[in-house]
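When the chains are written out, they are named A, B, C and D in that same order, and each has its own residue count from 1.
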Amino acid sequence: MMEHPRAGLPIVTLEGVTKRFPGIVANDRVDLDICAGEVHVLLGENGAGKSTLIAMLSGLQQPDGGRILIDGAEVPIRSPSHALSLGIGTVFQHNMLVPTLTVAENLALGGRWWKRPRTAELAARVAEIARPLGIEINLGARVSELSLGEQQQVEIVRALLRDSRLLILDEATSMLTPKGIAELGALMRRLVERGLAVVFITHKLGEAADFGDRISVLKLGRNVGEIPPERLRSLERAALVDEIVAMMFGRQAGDDAVSIPPRAANDDALLEVRNLSVAATPDAPGLDAISFAIGHGEILGIAGIDGNGQKQLAEALAGQRQAVSGSVVLAGQEINGLDVGGRRRQGLRYLTDDRLGEGTVGTFPVSINYFLKEIGEPPLWRSGVERSREIEARARELTRIYDVRTPGVSTPVGRLSGGNIQKVLIARELADGARAVIFNKPTYGLDLANTLATRQRIRDIAGQGLAVLLISTDLEELLSMCHRIAVISQGSLVGTVPNGDGAGERVGRLMIGIAA
Amino acid sequence: MSGEAVHVRAAPLDASAGQASRRDLGRRLLITLGPILISLALAGCVLLAVGVDPLAYYGFVVERGLLSPLGLQQTLTRMAPLLFIAAGLIVAFRAGMWNLGGDGQFLLGAVAAAATAPLLVQSLPGWLALLVAFLIATVVVVIWSLVPALLRAYQGVNEIITTLMMSFLGVSLANVLVKLVFLDPGTTVPQTRTLPVGDRLPRLFETTITSGLVFGLAAIVIVHLVMTRTAFGLKLRTVGANPRAAVHAGLNVPLLTVVVFAISAGLIGMGGAIDIIGIHGNVRADWNPAYGLAVIPVVFLARMNGFAAIGFVFLLSVLSIGGESAARRLGVPQHFTLVLVSIVLITLAIAEYLDHRFNQVRRT
Amino acid sequence: KSIAILTPQEGTDFGWNQQGIDAAKAAAKAAGIEVTVASGLGYGDVRPTLREIAADGASLIIAHASGYATSAPEIAEETQVPVAIVDSPKALKAGLVADYTLSGHEGAYLAGRVAAKMSRSKHVGIVVSGEPPSWNSQSAGFAQGVKAENPDVKITYAVIGPAAYSDAAGGRRVTESVIGAGADIIFGQGNGSSFGMLQAVETSKAADGGKVLFIDVIGDKTSVGKGHLLSSVVWDITPVYSAMIKDLKDGTFGTKRYAISLADNSVKLLKTDQIPDNVWGEAQKIREQMISGEIKLQPVFEATAVRALMTNVSAAAAK
Amino acid sequence: MGGFASDTFLAALLFGAVTAAIPLLLAGLGEQMSEKAGVLNIGIEGMMITGAYLGFVSAYYSGSFWLGFLTGAAGGVAVAALMALLCVRIGLNQIVIGIALTLGLEGLTALLHHFQFSRSYPRLPAAEVTPIPLLADIPVLGSALFRHHLIVYLAVAMVVVMIWVYRRTQFGINLQAAGDKPAALDVAGIDVIRTRTAAVLFTGGMAGLGGAYLANVGAGLFIPFITNGAGFLGIVLAMLARGQPVWVLVGALVFGGCLSMTTAAQVAGVNIPTDVIQMLPFLAVMAMLVLFGRRASLPAALGIPYERGAR
């Protein structure tokens, strides 16, 4: 690792902190020391309680038990403003920007109401913070017009603007490019040099190993282990990862090596797209003459910086978005004419990346959310009438198969952790009758175990001869499972690379606009 | 009220909350009767302030609205139109659509029925005439509801505005129709032709209770079952809870929107029709009972649960019938009934909240 | 034996409701019987109240609003308790339903004559908050009076709006416009809103800078007026109710209609000190002529007919 | 139709239009702030009637219009405080409480009026007008637009103030955040509840003022149900305006204009029944809805009570 950080004294100490939610103990007597001059990585599978812990540190939730000490003195953190005044700045897992305000206004948010926002000096400070990060920030833009990645950048900058002593990043890298992540790492390093403390939550063990000084692992709400700086430095990467995995899952690492599934015998195209074009909208790029074909059992990856039309492509295919021209052929059958339901019945499935926004109905029970796309269809509905018992039973089954962590199938799905909501969606889309499946960022926000499991599932269904379109911003992921990787940029495919040696560099160069 | 029932946007209650009302009735009764007693006390203070004996007043309310056979019959009769309105609102609110145009829709339904029924009975057998008039009224209101429905479905115009406006408009229109189009030539009073008492909906048994009550009950129970037990109901609730998810799930949201408005307004229009062919027999110019406004909160308090709504509608009727009588006997202006009703509504809402809180604490 | 009266609004409006209730009380007192007052019932469904009062043993129910003319007879049939209703002459039914259609058109005619005599700007206004028959006939009577007195006097007619009974602000706004149009005497009909009219009259100046005067109907607002009350077409319904009670006793109830007229002073013009004695004198003469039948007057009840009358009048004025 | 054309008459019409518009303007501006902050304030009708009653009572007994306006506004704020407590702080359903408050206060004020004034119907003198120097002497427009009570000019000035607040001040930004994404405002360290409460109280003040104006200047007296749906029209105007104060002003004037139009038509002897003419304003607003409504973007969290950390 890089040079020696000063092992500081604890800024924040958690003693036996406990937080309960209906049906769940999100944090169970957690002890934690967060020290100045350290990047403290917090790991844990989905639902382990990381975000909840953060929520308490930032004044959003109040602990049900235990105490929080700041500089050794007990301080109940009453409210977010209190947390801020204590010098605790947070980038939350779920976007916390006001879509209808401009970036500048969002950054100014929180100023005392009688003060006028001072745009000029704001611009100056943003510039000086963003530059080293290699981030371009357009203060004038409406947030709703930014891509999720850009929005995450804005949030990081906002957290840095308030020069806080403790900076918390909850899955703040999930939407960044590899380059952006590296720069963020360097920045964290500089910050801790200055004596700040950083809490860094991620699901990517690589990042943990690269950026972390100290690693704590949460499991089912409990702090199950910690790797102090000296040990961290002593271990070399592979060993470290194995150790962490052992802590998190109590077993050896499921192998994440590249294992591209064998292609099914016949490889005539199963899903074929010709000159698909979509009109651009104020807040999204259009698509321009997209063409590709996916054979039986083939996994085609779509690589690209976030916000280059991936979502539009997926929605156009699924029938959610009007295409101006082009045709979609599934198993030799034109399906342009069909609506979302029709395409689904034909076997075309779409797993959205916007779990809370459109993937689920947060207030509905988990059980109903499994079947949201087949409401009214037998056997769960008979002649339009709901058959509660069958639905319950089937829901339990899926919950078991896909290992969804939930108090019960009648729990509102919105209460689950991000990762578990994702499992519900996967269970829904892979349900019987699938022929071609579109995955949009299927593993974003998932912990390692779930990521591996999900990837394996995708390989399996490909193995069963289904066509898979895998949209992801995570190059590693694409390389680890796709047969071919197409690169999307400004709404058109700029090239397709067969997976294999050197594919990574070629894709990478296509992504940054250099012909491969 | 349960988390999502509180929202203006996401109305629907997930199944579990739906059953909540049936789960341990005792508690529900407590959190219903408790607040009512409290509000009686509060309203009592108002009465004392204006120098009226609260006990006497409430005595009359209970006696005239509930206990005396006559009073009870009046109360039940009053329920008929209210039940239809409640049913209509439940459909709309569960689908997350804010049909605040009840008054206009109610009046138009009433006028349509009053315009057609008296003429039809002359040519058709009684029951058929009523049925036809009833259907005509419904159709008229459904068409009326297309304006806000289409605006919302295809232009994204917020329906709270449109329905509110359409309500103002509908009330005026109803007047115009009565005074200019369907005026009864037989009288100088600006009103429609009158449906003879004999030709109106039969009364139940030997009482003065209109059989409209039966239809009203049927309507609201059916609505409840459809909303909670069928795929159609679930689709509507999905649209209500998260329109984007509905699109993602392949539901035809615009179409469903229009359907929701049609059903909702249609039911409210039926309420108007029932009121005419069952009780009034004609519509007078400038008549507007403004039931819609009173029923909206009731439906919320019932958490859009049909059965609970029946109970609250009954309560509302008792208060209005008994209140009218009591106010008259004690020389209090009728307006006091408004005060009483509103205090009841507010305390009930608070009780709902406290109960909800209590449950949360207990669950964790 | 007791009688009951139902009114749509509280009996404190110095108008329709108050006159009705006062009269019922007076008549009952005279006949030495009980009276039940049910006021402020609104224009909705009064069947519950009717049934209840019938059940409480009233021997005559006076449904004092044209809005009750449908429900009252029905309940009469149902409970066999006699009812008296307004504005439905055809509804007579021996022993059960009597009609008393009150029309102050004669008084309004007189008022019109007086107004025409006194208007300085030769322009008077009629402001109403709605167009029920009894008001229409008075608007018409007034217009006819003005016309008869002096065809050159312009008449401006304005309706505040449907169901604008309580729209005081509207009453004031409209009246001010009419005054703005040049009228210096306002003939106003409207329950709550007539106070808005009075307000307008008191707070705005006529074209010539002089003061605007107000002619009220049915009730006597002298006690709340502020010196702008020119007169009022006052109704006294007591004789009507007394007659009903009598007929009830004689078993002739429901065989005849009841009305109010100048003759028995059940309709009369209110004398205020705004009216110069000479004008008042002439008015009295005209009254005699009307009673003696020299002047004949047809009541007009339909809104459209009334409007026609107005436009004619103002058109005539225009030439 | 000599009278119809006359300047005084036109002036009176325009004057009437303005007088009718002002309460709507005040109510609309008030409602707008609540909506921006994410509170659908259906109780505004109740706040107006309270303002009308209290405003009249105090003006009547004190003889001072200004005291009347103050009391009216205070009354509105009081009701708003209750609403804020129930709907913002403990998050009760905004529609239930709003309607309940409206019903109750209409009844209560009618009750009080009955016992207090129903035998005397006291009325106020004409409100003293403040002519704007030069402008007031323009022939027709002068006496129609520039000879009003001071409060009228202040009401119009409020439009400018609101634009400034929304566009330029931190408070404006906070309001919009509270309406579009309260959680974001909360984690930024601003108390959502306080922000929304402030907005609701402001609404109450404006509504109360509007009511007081309606009773004291518009009518010069108080009678039951005098507000006659003005509050609901305020809600509509606020929503039509998509958060832009200017549009509230435009809407209010259009509406007041329509009301005067009906009188004009009648006085001109146009022989179509009033009821038809009476539909004009509503048709006008419906037309506005069809034209502009399309773009009406309501705050995302409108009507949804904020609960910290809830999922």
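Criterion: a contact is a pair of C-beta atoms (placed from the backbone, for glycine too) under 8 Å apart; a residue touches a chain by one contact, two chains touch by 3 or more.
In this text, all values refer to a predicted model and were calculated from it rather than measured experimentally.
Enquirer: Between B-D and A-B, which chain pair shares more contacting C-beta pairs?
Expert: B-D
Enquirer: Chain B to chain D: how many Å between their CA centres?
Expert: 28
Enquirer: How many angstrom lie between the centres of chain A and chain B, each centre taken as the mean Cα position?
Expert: The answer is 46 Å.
Enquirer: Measure off the straight-line distance from the CA centroid of chain C to the CA centroid of chain D, and report it in whole Å.
Expert: Going by mean C-alpha positions, chain C sits 35 Å from chain D.
Enquirer: At least two other chains touched by the same residue of chain C: list those residues.
Expert: Answer for chain C, listing residues that touch two or more other chains: 10, 131, 162, 303.
Enquirer: Two-or-more-chain contact residues of chain B, please, as numbers and ranges.
Expert: 3, 10, 172, 175, 179, 333, 335 - these are the residues of chain B that touch more than one other chain.
Enquirer: Among the residues of chain A, which are close enough to touch at least two other chains?
Expert: Answer for chain A, listing residues that touch two or more other chains: 362.
Enquirer: Strictly by the criterion at the top, what is the full list of touching chain pairs?
Expert: Once each pair is checked, the touching ones are A-B, A-D, B-C, B-D, C-D.
Enquirer: Help me check something: in the complex, which residues belonging to chain A touch chain B?
Expert: Going by the criterion above, the answer is residues 20-23, 64, 319-320, 339-342, 344, 352, 354, 357-365, 368, 372-373, 375-376, 381, 384-386, 388, 410, 412.
Enquirer: Which chain B residues qualify as touching chain C in the complex?
Expert: 64, 70-71, 74, 77-78, 172, 175, 179, 186-191, 194, 197, 208, 279-282, 284-289, 321, 324-325, 327-328, 333-335
Enquirer: Can you check the complex and tell me which residues of chain A touch chain D?
Expert: 55, 58, 60-61, 79-81, 84-85, 90, 92, 96-101, 105-106, 108-117, 362, 414-415
Enquirer: Please output the residues of chain D touching chain C within their complex, sorted ascending.
Expert: Going through chain D, the ones touching chain C are 1-4, 6, 8-13, 15-16, 19-20, 114, 118-126, 214-215, 218-226, 228, 259-260, 262-264, 266-267, 269, 271, 273-275, 278.
Enquirer: Across the complex, what residues on chain B touch chain D?
Expert: My answer: residues 1, 3, 5-10, 46, 50, 98, 147, 151, 155-158, 160-162, 164-166, 168-169, 172-173, 175-176, 179-180, 293-294, 296-297, 300-301, 332-333, 335-339, 341-343, 345-346, 349-350, 352-353.
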